[in-house]
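Here come two complexes built around chain A, the first alongside chain B, the second alongside chain C.
Here is the complex of A and B:
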């Protein structure tokens, strides 16, 4: 948790500044919106977090979101599949994609960057192929199903929790338990820190790697379903475009090291929320959203630099303190 | 001996066919009816869009219908990745020796050079969005500024007492988007016709009892487009009217409105004919929409190119503009409009 203090501080600072500059930021409506968006991106970020912890990368997330997000309405409204079958199909596809990536990376030893980069091209291409580039959506149908993303759960008077947040909470709790309280979580962290040492100490590294990619694609699939249920319209050309980068940025902001072996679920959640609050701030506070990415980039960079500097100063102090006490003795 | 004479005959035949081919090339209009057997190739043309959208699917239906009618080989190409993708498509078409191109330029000013290069090798016309400085032979489409003004007029009808307005649009880099947005602003504020200026997106514009609070773009990211609508509703709780200017914007605004229980309270004026938009008009959640006629863009593009390739002069006069006027669709005429749309799409599928 200590590690996440820096990023948490940044999130709080951005929230305070935004609340100060815009009266609407803390309105129930806006908080619900930001929570819903953070939840949707948070689910993707936790998924990619697992892969990053093993020292890998998953660039195919956005395209999996696209494939699943287009496939579900397409299966339901164009192919007229029954709902359980369609849900089963998209779940199987997203988990299957993860298994496919994992096998290529562990058995054929192809670099994760290449495998998932090809995935990025492949899945969007497939989605464009079967939809023939047509926009798909649910129209006025499947209102009940769409409640999974658009529904709200009463929480406080005048304030409701958006449904995706419930999904995120479930995913986050399971992920945190898995990562911190089970032996498999230890395995994952060990694998990311030093794969060779992990192998020699008897950890089934290949299976753990495959598992990480299955989790990543599986959660991307869940995210894709929730995204399309929320937006109600998916155009395969741009649906989910760049979402892998938002997710990776959130995970890295939240303390996942791209070198592997480090990362926490809480940190990832804060990272994902920070990205969404920043985007929300730009629309609420400024009247120009074309500088959005510039502001997001600058704030994140500032935060990471400040975090790194603070860490160094702390380390230097600690070293000085150790020297001092050693000298006294 | 037999072999020798065969070769001589074959060579002679080859020479004749080559010279015939040369004749055909230098004078494409001659002997059209007389020499179908000599293998005159069907002319090939391409209809290039500025992206992938259901709007262009309707246009593609028009292309297909006209191609059958005018007996020409026409294909529709939709660049998925913006301007560089469009450039690649045009270059590849020229390499393949295309005879005519109808193009919707994404960035007209900066694509002038590309269009001029294409115009040297093929008959080039623009549709949907014009490149007036280029050597294109004709622009087929509507005047986006005028259509924007029609949309602005509907905003005024929707809010007879005035009020606050937010504008939502995919992106503002392309000429048609700029002009469309400017038309809305000028009509709402009661300014005279002047399509050549551009109000900054960040400027708050007031006049005529209306206040235009700003314009938000989403660069085609739909989740972002919906977030824009939500953020605007959060920022301005008393927002009077939302204007969605790209086909997918109004449906996203409808989603945002329905999730915040503000359907009907905040007026929505739309552009283009997305199904959800038309549904919204029928239900009374959308005040009205301005529709272009993409089917006719496709149809007329093919008709004009076929004519040009047969030596006919370009229509459109000195202005080099073939107007396909926009229409206002409201509750009164939405059903009739939908029926027509269905028939046209169904006819070619």
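Here is the complex of A and C:
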């Protein structure tokens, strides 16, 4: 928990600064909006967090969001599939993609970066293919279904919680329990720390790695469904574009090390929220949306550098302490 | 006496808070062989690295011919005439022998490498070390022993006045060793100061003019001329009589626990290995580096499954296709490389101790934290693991305590076959004895213990029986009554003996 204090402080600071600079930041409408976006990106970030914890990377999830986000309205409105079948199909596709990645990475030992980079190109290409680059959407139909993403749950007088936040809460609780309370979570963390020692300890490393990619793609699929329900339509050319980078950045900001073995669900959630507050701040405070990437990039870099510096100081202190106690002995 | 070539005065060095050297002093005179001996982890290699500029000392000073110098890099050491032959080979396998010998100081003409000169001069130094290969041979195609000789040729080619050799014979055959020893004597005759580190005390006794003994990072004493004897060195090394050091007792051996038939490993597919282990036995496995000992253990533990052969544990056929399968059959392996294969360095003692038994203690996939805590409460005191707490990351533990954590994690699986690969490498003397005691206890409780070691003292001191491997083949088996350093080395270097027929 202590590790997350830094990033939590940064989140609070950005919120305070934004509230100070823009009167509309704390309006109920804006808060709901930021929460909704944070929830949607939070789901993706938790997914990619599992992969990062094993020491891998998943670059494909923006394209999985695109594939699922296009496939669902396309199956429902163009192919006229019944709803349960369409949902089952997109679930199967996204989980199948994870399995496919996991098998390539563990059995053929292809590097995760390459596998998922190809996935990034492949799945968007497929989506653009079957939609013929045309926007697909629900139009005025499926209003009830869309409530899963657009709906609101009464919370405080004059303030309602956006529905995706409920999904995020469920996902986050399950993920936290999985990571911290089950033997599989422990295996994932151990595998990320030292894959060789994990093998020598009898951990089924291949199965655990595959599982991480299935979780990542599966949550990307869930995210894709919620994203398209939220915005009603998807343009295959840019739907979900760069989402993998937002998700990876959130996970890294939240304390996941790309070296593997480190990361907490709470940290990832804070990281995802920070990303969305930053984007919101840029929209509210500046009139120039085109600096968005520059600002986000700079803030992430600052956060990661500060974290690394703090870690070094802690390590130096600990070494000095050990030396001291050794000297006494 | 002549002016010293090289002198270290009160040199200290620590790594991440662990003191490796404490005010160690050493003097090297011209025309002598100074042997530096000590247990694993006594600080020999660290001291040599400091002398050769690989590492710099935290305090103390270095004098080259009575002038205080800071030796900041290997280049600087070489220019002062000090060359180190590493224990681990430092050769570029994809380059040829000549290129390796002149690596970093190629004779050249306006940037063009003078290949002819390299070839000519390489041939000369290769001849001196008695290595009959062409300078254009790729280093990767040589045996480990030949590579070691290339390393020595490389040091010779710089005309070093102080030549430091860190375990130069550990991977040489008998013949190669003899050539090297006569070369050392020749260099000594020409006034070179030689610092010689070896575990093989027999070798040291026959070669050294002076012996400096290190123990736990400090000078433990030195021996001159006639004082040099096996017993005297060991006594200084361990600080007590050898017979008290190894807690070996003769065991009541029982049923055959492990039976291996026709096992072929990927490293040596041409050699089928057969052997048995009985309950209550401590069996040592000796052999040179690269003899296939670790590969054999890894095949038994399913890390790199064997190509062929049968493995029976207590009469039951098992097929160790994965470590988990081997564990289920009652086999445990304490791997050779503690830091990379044995431990999760950043994780706590608790998580490291429980990792191999989590799947047995689970409740529907959930961690059983009570059991995990109970395991720590049992293991930490019973194995005397010195740690600040159960959640202390194991990277902050000493080598000995780290090794105890690895052993503890496997004790928790209650194995009937306990395999240990170099169990005391890089471990201080106190922990070493505790590890021996644990091996004894395991055997007394009826497990079969098989350990691989490159430390002959340890093999001789701890084994009821010794299996010797030579290039993947089981070249012989020696019972405790037949054990001697010479007998083991004969089998390890592949010399035929009648004993092999047993």
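By our rule, the second predicted complex is superposed on the first by the 312 of 329 C-alpha atoms of A that agree within 3 Å, B and C clash if a C-alpha of one lies under 4 Å from a C-alpha of the other, contacts with A are read in each partner's own complex, and residues count from 1 in each chain.
To be clear about the criterion, a residue touches a chain if its C-beta (ideal position, glycine included) is under 8 Å from a C-beta of that chain, and two chains touch if they have at least 3 such contacts.
Owing to the predicted nature of the structure, the values given are computational and were not obtained by experimental measurement.
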item: Touching partner for A:284 - first (chain B), second (chain C), both, neither; value: first
item: Touching partner for A:79 - first (chain B), second (chain C), both, neither; value: neither
item: First (chain B), second (chain C), both or neither touched by A:186; value: second
item: Which of chain B and chain C A:33 touches, first, second, both or neither; value: first
item: Of chain B and chain C, the chain that contacts the larger number of chain A residues; value: B
item: First (chain B), second (chain C), both or neither touched by A:204; value: second
item: Partner chain(s) touched by A:230 [first = chain B, second = chain C, both, neither]; value: first
item: Touched partner set for A:137, first chain B, second chain C, both or neither; value: first
item: Contacts of A:111 with chain B and chain C, given as first, second, both or neither; value: neither
item: Residues on chain A engaged by chain B in the complex (per definition of touch); value: 22, 24-25, 27, 29-30, 33, 37, 40, 128, 133-135, 137, 139-140, 150, 227, 230-239, 241-242, 279-280, 283-284, 286-290
item: Sites on chain B touched by chain A in the complex; value: 51-54, 57, 78, 80, 201-204, 213-214, 216-217, 220-224, 226-228, 230-237, 248, 251-252, 255, 259-260, 275-276, 279
item: Touching residues on chain A, where the partner in the complex is chain C; value: 181-184, 186-187, 189-190, 193-194, 196-204, 261-262, 318-323, 326
item: Sites on chain C touched by chain A in the complex; value: 14, 16-19, 301, 303, 322-324, 326-327, 333, 335, 340-347, 351, 355-356, 358-359, 362, 365-367, 396, 409
